[in-house]
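Okay, so subunit A shows up in both of these, paired with subunit B first and subunit C after.
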Partner chain A sequence: MASHTSKAFLSLGRINVSGLGLQKSVSRVTYATDLSIRSSNVNKGLPDRGDRGFFRRPRRTAGEPRTEKMPVDQDWTAVYPAATPFRPSSVPLPVRMGYPVKGGVPPEKKGNLELIKIPNFLHLTPAAIKKHCEALKPFCTEWPSALDTDAKCDEHFPIKVGSTDYVSAGLSVRNPSARIVDLKVKLSSLNLDDHARKKMLKLVGERYCKDTDVLTITTDSCPLRQQNHDYAMYLLTVLYHESWKTEAWEADKTVADMEEYSWEDSPSQRNILDMLVRMKVAGDREGEEVREQLLGRKEVQEYKDSVTRLKNEGESESTMLQYKEAVKKVLNL
Partner chain B sequence: MALHRLSFRLRQTVTHVRPLHTSGCGQQQQQQQQDAVAVESEPEPFSVFRAQENDPACQSEKHIGQYYTLPSAHLRTLFPHSLPWRYQQQVKTFNEACVMVRQPALEVISYLKKTDYSKPSLRYLFYGLKGSGKTMSLCHTVHFCYTQGWLVLHVPDAHLWVKNCKELLPSSYNTSRFDQPLQATDWLRNFRITNEHFLSKIKTKQRYVWTKREFTEQGSPLGELVDQGISRVKSSSDVVGAVMKELRLQSGQPESDFRLAVAVDGVNALWGRSTIKKEDKSAVDPEELTLVYNLKKLMTNDWTGGAIITTVSQTGSLYTSKSAYLPQELLGERGFDSMDPFIPVSVPNYSEKEFESCYLYFMDRQWLQHPQSRTEEGKKELIFLSNRNPSMLDRICAFL
Partner chain C sequence: MAAPMALRRELFSLARKISGVSHLTPRALGACSSHRKCNIIRSHLPLASSTSFHTATLFLSTPSSITVTEEPDTLFQKVSLLVKGHDRAVLDSYEFFATMAAKELGININKVHELPKDMERFTLLKSVHIFKNHRVQYEMRTHYRCIELSHITGCTAQVYLEYIQRNLPEGVAMEVTKTAMEKVPDHILEPMWEDHPIDDKSSQ
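Moving on, here comes the complex of A and B:
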């Protein structure tokens, strides 16, 4: 019951302390740090101050905190050699954390539970990392000198496989997230022709990033990392080979499926040719060769470019203006 | 400016100006102003924001930013229901209809002056942000066509035909389509008001049978057809279709002496979606509405001897996002392919000069009553609040 009440007090964080057995004056809003142990914890057997209770060894006064004695150029890795909770007397920084008292500031670091709760990286300062690297160096091999630029790395090793290792201290060292493998490859390094590339893009869908031309395959369906790695390589192989094949049903591809707009055989081409024929621009003739000749004209080519740009790039003021100029030229305005 | 009369007396009240056009100005095809000027029956007050030219044919870049007055006779016949609502209120308040001469309308008017009318008709499309003046530019262009003596087929808002339909009848002519008698009769009435003098001149080329006992003979004047539609409400949508077909076939023929101007506001409604529901609660495609179907036939460029002037608007359109204003977004794939090739004309917000002009006009009309609106600070505030958007400026000034 005692522990329950003390937990309750700590979680509140803000309590009105009744003057039960306390000598010092308290403000209306205080923190658990200011609380001394309630005398209602009868089970614990702690006495009130100045009562008839049994003798208890007087508490030793705390000495000077270590921070006072720290030189500026000390070896910090010796203070925090491993991951440990925050010790206010060992960290010489005037850190404050927590919700400020009304009209006041966040509470100081001394006895501040918020600072203790959060993870800290005081054991991973650059100096500590350097020491780790130095310690690991005897176990490493040299980086190949021929691969000194990123471009060369991409050229020789286009497929990049990544996975994450997790280290934690607990009941088990295993972490299920360690099985995730992601495979990154640039499509420009794969040998794909036009049809294969379009089919590949349709097959992978969201996994392709247009800006960086990188295909990312993330696998996590198998329980082990090696299995996921093999599965990812298998997926890449299958995608590559499937995109080179042409199935019979691919002939049913409609205009709506097309990735980009092509002007040939589009309503726009038909419209402009009809209009020009009706306007009798090429004289009074009709037929195929007239259309061919009209298509070859410079204004019609410009018109074709402007419409293609409008449809592929989307609309904006500049594309609209270009379209307008092209239409005016074609219609001789 | 070549002016015959300049009145330097500043008057507080504006009189209605009824310009009588001299014939030279009406048939002018060049852009430069020659000596033909509208002869004014009463002198106009001289202000820097008023153009002295009230005839759209004679307006040029020099008049950009200045207001010209629409004669009230034209206003009543040409725009019975076509002007924006707020502008109609403004006309009633100020007792005059002043339209600002702006670049987009002048551009289209110049193209209209230059085109060869034996070629297929060209399509012009006004587009721009909300409230930037597309409908007013359209009305300005239509006024030009009217003063040139063209036949004006004006659909004030195509969006009204695809929503809020109170009566939907299955079409008598084609069972898969639907009629909208109320909208059709409304439109026919306005058409009759606008084109009174053409109705007796144009004759139908075909015989139309409406019911067992009613028919319109071949060679009867168009007026009879229109009256038939207005009186017999049930067949009014088909009458609209017949009128459009007649005009389309006849314009550009050597024996007809009129030119056809088709003006549609909110043309993106024709290819959009509609909120009208059939009896089984499925949505009606605009294709299935007789009015829309016939209007679409007019929008193709297979007829000669006229022009098609349209706007795309997001206000009133259905299922389009509020920020869409570019033509392709609003027209959609089908609309763009049908309208292609067209000449898109962008209608921007007011320029500095145009804003000045509008501000001076409001001051002149005593519309800005707040004392701070007369100061420089007030003007800067107006610019900031409205971003020089015409309709925003109008709304803000309404409270001052």
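Moving on, here comes the complex of A and C:
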């Protein structure tokens, strides 16, 4: 009876013992091929495994690996047609992988877990890629030959719509960032006159880049990409038509609202004309026609150009020099 | 009671010793085959079409019917693939595959470059309780590869991207940024206020 109970314990604990055996072998830094020897030793210590539970049919001996029978000029795409883990008996390469045993080489491919763990590209050899592309070619279309340069593309297709797709492994295939659409268009390609352009710039504000003259509209308020694309086109349409409209309150635009500096009716014009009149350049005369005559002078025009350029473009070497020359000419220095 | 049991045990052990050698290899293969099955199940789901696609190329039987529609094709000025992974060797192989596929399909490749890797490091306490001075540091490395293609039509892009994405290896993620080109739509060519009075506020 004791032997029975002990046998029961052995059979119950069979899994535990074999588990322990496995753990012990791993901590001793041996490899899978050595593992099989250890586990078969463990089995010899538990002889009742055969008469309890399932009957172990004697295993067939494994034949020689397929690599021995492979001809050199075989069709490799038939051996590895799809992505499959590494099969050491199907790959006729003497691959070694893993940390080398002390004073030795990395372990061989037979029973090597490291080779199975990493993704292999054995199904994507150049021959296989060529075959796949041959089959895929009928579904592809040609790029129109007239649009070879970027300039031509911009001329005929000025609106650029950008979107992003995401592919990754996870609980869900979807990525909410994929719905974002951004629409880029150069304002020079739209039919806008001066007032419409200024109004458009005021309406869009931050979305316009002055250096590249590109208006960017980014939409992400709708849940689907198609919806965001339609919304962006709608926004562009509305902006365009609204900027052509002239409202009644636009007449109240003050000098502070102006985007560019204009010299007419500015303090600079008044100052220079007053100074010239006081210097009595045009003789001892006063009145409107004197001012107009002064305005028509070449030096005054040059001064006007230099001042507008200075105010609009900012201070730089060339603008300051131009201003200096103009002032010297106007005041006869 | 004990004797016959002992005999049986010895017989079984003898049998095992005789067929000891044959035990070894099936065991090893047994361990591997369980792995293989899991992998096959995992890889079947995304690659189902590619397996059927592969059989199509092998059989070369029915030619696939190609439908041509009148709808104008989208034109992509630039398609940029960014591939991210933990293993640089895998990304190298994938880049070779992607560039070769693009060359075969006649897609012009602008630039293939490698962005510098990102390392996310964090420091944790080594022990479960106290021992603040003993820590352990982990890091996660993300390697990048960027492939830029230019001047692709919508059909070609769809075909190429599907092929590339179906053969994306495990543990690698991809982001595709497409820049499509469009003509200026008809309702933006001319302002509508010139024909109608200003107080006609109905927008198109």
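By our rule, the second predicted complex is superposed on the first by the 190 of 333 C-alpha atoms of A that agree within 3 Å, B and C clash if a C-alpha of one lies under 4 Å from a C-alpha of the other, contacts with A are read in each partner's own complex, and residues count from 1 in each chain.
What we mean here is this: a contact is a pair of C-beta atoms (placed from the backbone, for glycine too) under 8 Å apart; a residue touches a chain by one contact, two chains touch by 3 or more.
Nothing here was measured: the structure is a model prediction, and the numbers come from that model.
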Which superposed partner A:Met200 touches (first subunit B, second subunit C, both, neither): neither
Subunit B versus subunit C as contact partner of A:Lys137, first or second or both or neither: second
Which of subunit B and subunit C A:Val300 touches, first, second, both or neither: neither
Subunit B versus subunit C as contact partner of A:Leu122, first or second or both or neither: neither
Partner chain in contact with A:Thr246 - subunit B first, subunit C second, else both or neither: second
Which superposed partner A:Glu315 touches (first subunit B, second subunit C, both, neither): first
First (subunit B), second (subunit C), both or neither touched by A:Ile217: neither
First, second, both or neither for A:Ala83, with subunit B first and subunit C second: second
Broader residue contact with subunit A after superposition on the shared chain, subunit B or subunit C: C
Subunit A contact footprint on subunit C (complex, rising order): 1-2, 5, 8-10, 12-13, 15-17, 19-20, 22-29, 31-32, 35-36, 39-40, 43, 47, 50-51, 53-58, 64, 66, 73, 75, 77, 87, 89-90, 93-94, 97, 100-101, 104-106, 151-156, 159-161, 163, 165, 167-185, 187-193, 198, 203-204
Parts of subunit B lying in touch with subunit A, wherever the complex brings them together: 111, 114-115, 119-120, 122, 127, 301-302, 326-329, 337-338, 340-346
In the complex with subunit C, residue positions of subunit A that touch it: 3, 7, 32-33, 35-37, 39-40, 43-44, 47-48, 50-51, 58-62, 77-78, 81-85, 87, 110-111, 116, 118-119, 121, 124, 126, 129-144, 147-148, 150, 153, 156-169, 185, 189-191, 196, 233, 236-238, 240-241, 244-246
Residues of subunit A defined as touching subunit B within the complex: 266-268, 271-272, 275, 278-280, 303, 307, 310-311, 315-317, 320-321, 323-324, 327-328, 330-331, 333
